[in-house]
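After the structure tokens below, expect a handful of questions from me.
Lettered A, B and C in written order, each chain numbered from 1.
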Amino acid sequence: MPQLTVRGIAVERLVSVSKPMVEELAAVCGCGKDNFTIDRLATTSVFEGKTTETYPFVEVAWFERGRDVRDRVAETITRFVRQAGVPEVEVAFKEYSEAAYYINGIACDSGES
Amino acid sequence: MPQLTVRGIAVERLVSVSKPMVEELAAVCGCGKDNFTIDRLATTSVFEGKTTETYPFVEVAWFERGRDVRDRVAETITRFVRQAGVPEVEVAFKEYSEAAYYINGIACDSGES
Amino acid sequence: MPQLTVRGIAVERLVSVSKPMVEELAAVCGCGKDNFTIDRLATTSVFEGKTTETYPFVEVAWFERGRDVRDRVAETITRFVRQAGVPEVEVAFKEYSEAAYYINGIACDSGES
């Protein structure tokens, strides 16, 4: 974590910006680069009775870090997605609780590691 | 938003009902039709040691609009999914917070647009 | 529900452990085996400017059952995923509210069934 789950942005576009984007996100969040994952979902979208391109969307699943960091994470992702050639994107944050997140069976609030 | 993320319902079935379903959902929610997205996830499901069909499920990600609207959105989706030939479906709502949802880098609670 | 949404674990690995895993989860949760679904998402992951394998992750969507049950569900999933040959896995819980979960159009808090 943070875990970026992406839909509606081509893999090649993500590949093209992933390295500098994650470097900057790691600096903003104050954590290591290898804490980040970027997973693109395979989707088929439908609108007005036809299949259509999926609207570009990034969900960031994380432990809440407060308004300032959240704003900067959203701004960073938006800027790199645009740089990758996607003019519009929405970014939403989903909070996980440390008490309900388990790494290899150990809850993140347990003090163990 | 609202964003409908669907699993376990064939694309052709979604295509067949998407237009009238979204028209009705827009009326229920009091927003434009083009605020809605319908994304179907590619899934493989497993049960009892075998792959199986994915159970029909629709997650509605949105800003909370209260019980009455929620009930009517769930009823509308359920009715159209049945009309598309799927007898059983579960619908769940996931709330996003306006302070944690960014459109082109601007938070939805910011007053900017 | 509970609904297990999996990424980064091969379908064959899930198939190999799904039966005993769900039997044990049903005992832990005190509900029927057929309440559980296991859906694997199709994903493409990106890291450091390249596509990469998706990190093994299981999201459990459910109605909250408290710390003890949650710990045991996480432990059970982790143990079976390891038995399937995946050494590391993260498990996170996403709560749905009974008032916002509809089975065939009926909310789960409605008293109807």
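As a convention for this text, a contact is a pair of C-beta atoms (placed from the backbone, for glycine too) under 8 Å apart; a residue touches a chain by one contact, two chains touch by 3 or more.
Worth saying up front: this structure is predicted, and the values here are computed from it rather than measured.
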Here chain A maps onto chain B under a C-alpha rotation whose angle in degrees, rounded to the nearest 5, is 120
Chain copies touching (chain B, chain C) - same or different residues, decided at half shared: different
So, in whole Å, the Cα centroid of chain B is separated from that of chain C by 21
Among all residues of chain B, which ones touch two or more of the remaining chains? 41-42, 94
In the complex, the residues of chain C that touch chain B are 1, 3, 11, 14-16, 18-19, 22, 33, 36-42, 61, 94, 96-97, 99-105, 107
Per the touch rule, the chain A residues reaching chain B in their complex are 7-8, 41-51, 54-55, 57, 67, 70-71, 74-75, 78-79, 88-95
